[in-house]
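Okay, so subunit A shows up in both of these, paired with subunit B first and subunit C after.
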Partner chain A sequence: MRRSRTLRTVLQFWRSSLEAESEYQLNLVLECLAVSGNLAGSLFVLSLLFSGQSSLGGWDWNEALIVLGLYTLLDGFTSCLLQPNLSKIVNHVQQGTLDFVLLKPVDSQLWLSLRCFSPWGIPALLAGVVLVVLGLQRSGTVVHGDGLVLGAVLLVSGAAILYSLWFSLAALSIWFVKVWNATEVLRYTLVAGRYPVSAYPPALRLVFVFVLPVAFMTTVPSQALLGQGSWPWAAGSVLMACGSLLASRWFWRFALRHYTSASS
Partner chain B sequence: MLEYRAEIALWALSGVLPLIMLGVWQNSGAASQAGWSPDQLRHYFVAAFLVRQFSVVWLIHVFEEDVVSGKLSPFLLQPLQPLWRYFAAHVAEQATRIPFVALMLLALAWMNPALLWLPSLQNLTLGIAAIWGAFLLRFLLQTLSSTLCFWSERAAALDRLLVIPYLFLSGLVAPLDTFPPAIKTVALATPFPAMVDFPARLLAGLPVDLSAGFLSLMFWCGVLSPLCWLSWRRGLRRYGAMGA
Partner chain C sequence: MSAQSSAIVLAQGLSKTYRIAEKQPGLKGTFRHLLRRRYRDLEAVKGIHFAIEEGEMVGFLGPNGAGKTTTLKMLSGLIHPSGGELLVAGARPQRRQAGFLQDITLVMGNKQQLIWDLPPWDSIRVNAAVYGIPEGVMQRRVRELADLLELGEELHRPVRKLSLGQRMKAELLTSLLHEPRVLFLDEPTLGLDVTAQGRVRDFLATYNRRTGATILLTSHYMGDITALCERVLLIHEGSLFHDGPLGELTSRLAPHRQVRLELQHAQPREVFESFGTVESHQEHQVQLLVPREQLTETVAALLGRFDVLDLEVSDPPIEDLMRSLFQQAGVSET
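Let's turn to the complex of A and B:
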């Protein structure tokens, strides 16, 4: 009963934000241009990295395409949900409108995370899927059912880790007020996920697994899709996802205890 | 600006892209194909990191909000061209960035001393001048896209398109020397390499065409300034002072 009410609320949120966003139809053209430009640029840089050699950190060109595709997919997810919602938390704190959110009969983390749905991330989502399919097809991998399921599960846990990172950083604004760029930092450093994690020097690899877990966002799901998934990595990814979701929940409660409202 | 130390520290962190790219390039071996030694590669990307730190422009994000919310109106009443206000904020922010960047350089030195080097005095002064030129050029380019705020509520979306060639053609993520010759020629015909590639090469002590670099900076600034002026004047006439 309660769950269905939440679901209905979220669907209503998304309907209203879609209506609001459809005011700006030119955005669709701009967004498609941005996605294709970014994709062309990424492919270009990847081809430069591959010039004169056949592998990048043990990944061949087609396999690297899958990683890039998953990166694009998660980038689309960011534009659809994370960016439009979580970047507003800072404004709410700065202007004191967070009070109104807290008074609503909906869970505040849910409201802040799912209030808006921006359709402008959809081109990137599509482009990501196309790239992944293309990479799989060209590398001649036959994707088995279990590889697909594992890949999908790992991608979802990658997205969950991404969300928790974004949300926790945005929640920092309760203390620092003006950190709307904290999420920008994340966007810029996550660019590292464009390349398989083994392409980096060992020290950076450790960072990308334990500190800024981009490895779990693109590399690990790609390996699963290619049928090279390993249990330790899969378990680690799912554990990390659950852990970071719980941590973000806990962190938000903790932050709210320190919230003093803007004008008081 | 010092009030928002946390913010500026985070901004400084967001410029780590060239260092991440250094990691990939170091391991790929594609740079040695272009005739670059590992040392040159390291210095180039660390220099690109510095250039990026001190040529960041965020005008459009502030300006868009000021236009949409009508905050620009009181600025227009003052006997000072409002753009100077934003320009001053950028310069002040650069100054507050220095300690954070110094800290990050120290951290780099601690991780791997070979990442740092001492540029000659001449290269250093010329490099700083080039960084300033790059900053000015980027500021002018963003002024031009910012004036579009007078016409559209979402000019920042348009500016995102301009970021793409800046990212890929400026040398921020890949040295221009590794480009195929045809693409390199095209890139050099745009203003973007002057924004990162040229100052970074100067700082890193890589072979560089001094006069061509500075000429390109001056040429593009010269082209953009009158355009900005014109677009500002025409845009102001359309400004409806929403929310005021």
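Let's turn to the complex of A and C:
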């Protein structure tokens, strides 16, 4: 009963946000142009990195395309859900409209995370899928069932870790109100995930594995699709995703105890 | 709490203290603020007690910064009290349990939940999903509320194209869709013109009569309070100054009554000074302030001594009383 009400609520959320977004049709054209521009830029930089060498940190061109494809897929997910929802938390706190969220008999974290669905991330999602398929085909890789499951598990875990980090940073706005910079830094750090982690200097590699887990979001899932993944890695990634989701949940509840609501 | 367990809203020793960072003006102050912040505690609400019975309509008065909105936010579970006990519809608001949230609503005149780019109907559908209201029930409630609020095709127009009054009516409709038992209304007529204010007042009176909902209303427009609320709570600098009928508040704030006389023959000002404080004097018209306990004999003496064409006794306007109270305390009212 409760689950069906939650499902109906989320569907209604997305329906109304799609209706609101459709008021601005020009955005679709602009978003398609932005995705094409970003992809062209990334491919150009990748071709520069490969100029005069056939391998980049142990990855050939076609394998690197898979990493870029998974990054583009994740970027599409970010544009569809994370950006339109989590970037609004700061505004909600600053303008006092978080009050309306907290007054509703629905989980406030769920509301803040799923209230909007932006269709403008769909072009990036499609472009990501095309790049991954192209990379796999051109590298002559046959993806087996277990590789696909492993890759999907790792990708979903990576997305969950990203969400938790972003949500927790946004929750800091309960105390500090203006935390746009921190969330923007997070988003732009993720850009590093468009190339294999082994292509970066050793010090940065450590950062991308242990501090900002960019490696888990694109490089490790790509390895799984190429048949180089391992189940212990996947288990570790799932554990890390569950841990970070629980931590974000706890942190949000803790933050709400300190919420003072904007003055009227 | 058991002595007043029938109350739908019960506050005992309710208090709220904010910790506020203080900053001196100027660049020097900004550097100091960055390096070593100074905090001070601000007691917004200081241990207030009150109980509201189901179906009551209570006015909540006080100047800006008196603690009204903080109290409303504690009652609706948005902020945690620093001390005291609070029960609303049988629940502790700060726990924000689903059952409690289903029982209350908070309408704020300066904030809105309606989706700006879409017609109010879309916000209504979102709320229906959130509160688990079936389609048929939602349609019926929207019809009833729209009738009362005199809303029609406005519900199909984008919110950004509606006037302030139409937006507030749509906001009320959306906020009442789940038929809450307790309504917290914070300045619901803020910025509305006289006609729109009147419509909102009429709606609230009818809604209270029809549904028996409990209403706690804050407003800077005394007209809202005098038209709707028999009982008022007056909060001042975080403490409860008055809890009782509006008339009692008037007597308490104004130990005098206003006596207006229209005379057959003009009289000099001095002759009235022995009857009370002369507020205004024109040839045939005089306005006096007379102590309440001396009213009967003073009126009799005035009628006996002068040829009076008309005599009117009234309380000074509540707005004037409130303004003088707040000014006495060095607080400016907006």
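As a convention for this text, the second predicted complex is superposed on the first by the 262 of 264 C-alpha atoms of A that agree within 3 Å, B and C clash if a C-alpha of one lies under 4 Å from a C-alpha of the other, contacts with A are read in each partner's own complex, and residues count from 1 in each chain.
Keep this in mind: a residue touches a chain if its C-beta (ideal position, glycine included) is under 8 Å from a C-beta of that chain, and two chains touch if they have at least 3 such contacts.
Everything numeric here is computed off the predicted structure, so don't read it as measured data.
> Following superposition onto subunit A, is the placement of subunit B relative to subunit C best described as a clash or a fit?
fit
> After superposing on the shared chain, does subunit C or subunit B touch more subunit A residues?
B
> Applying the touch criterion given at the start, work out whether A:S248 contacts subunit B, subunit C, both or neither, answering first, second, both or neither.
A:S248 contacts neither subunit B nor subunit C.
> Which partner chains sit in contact with A:F176 here, subunit B, subunit C, both or neither? Use first/second/both/neither.
In the superposition, A:F176 touches subunit B alone.
> Touching A:S168 in the superposition: subunit B (first), subunit C (second), both, neither?
Touch status of A:S168: no partner.
> Quick check on the superposed pair: does A:F13 touch subunit B, subunit C, both, or neither? Answer first, second, both or neither.
In the superposition, A:F13 touches subunit C alone.
> Considering only touches as defined above, state whether A:S157 meets subunit B (first), subunit C (second), both or neither.
neither
> With the two complexes superposed on chain A, say which partner A:T78 touches: subunit B (first), subunit C (second), both, or neither.
neither
> Measuring by CA atoms in the overlay, how small does the subunit B-subunit C distance get, in Å?
Minimum over all C-alpha pairs of subunit B and subunit C: 6 Å.
> Once the two structures are superposed, pull the subunit A residues common to the subunit B and subunit C interfaces.
The overlap between the subunit B and subunit C interfaces on subunit A is empty, containing no residue.
> Per the contact definition, I'd like the list of subunit C residues that touch subunit A in the complex.
18, 69, 73, 76-80, 96, 98-99, 101-102, 104-106, 108, 110-111, 113, 115, 117-118, 122-123, 125-132, 186-187
> Tell me, which parts of subunit A touch subunit B in their complex?
Residues in contact with subunit B: 24, 26-27, 30-31, 33-34, 37-38, 41, 44-45, 48-53, 56-57, 176, 178-179, 181-182, 184-185, 187-189, 191-192, 195, 199-201, 203-204.
> Flag every residue of subunit B that touches subunit A in the complex, lowest number first.
Residue list for subunit B touching subunit A: 4, 6-7, 10-11, 13-17, 20, 23-30, 33, 111, 152-154, 157-158, 160-161, 164-165, 167-168, 173-174, 178-179, 183.
> Inside the complex, what are the residues of subunit A that reach subunit C?
5, 8-9, 11-13, 15-16, 19-20, 23, 95-97, 99-100, 102-106, 257, 259-261, 263-264
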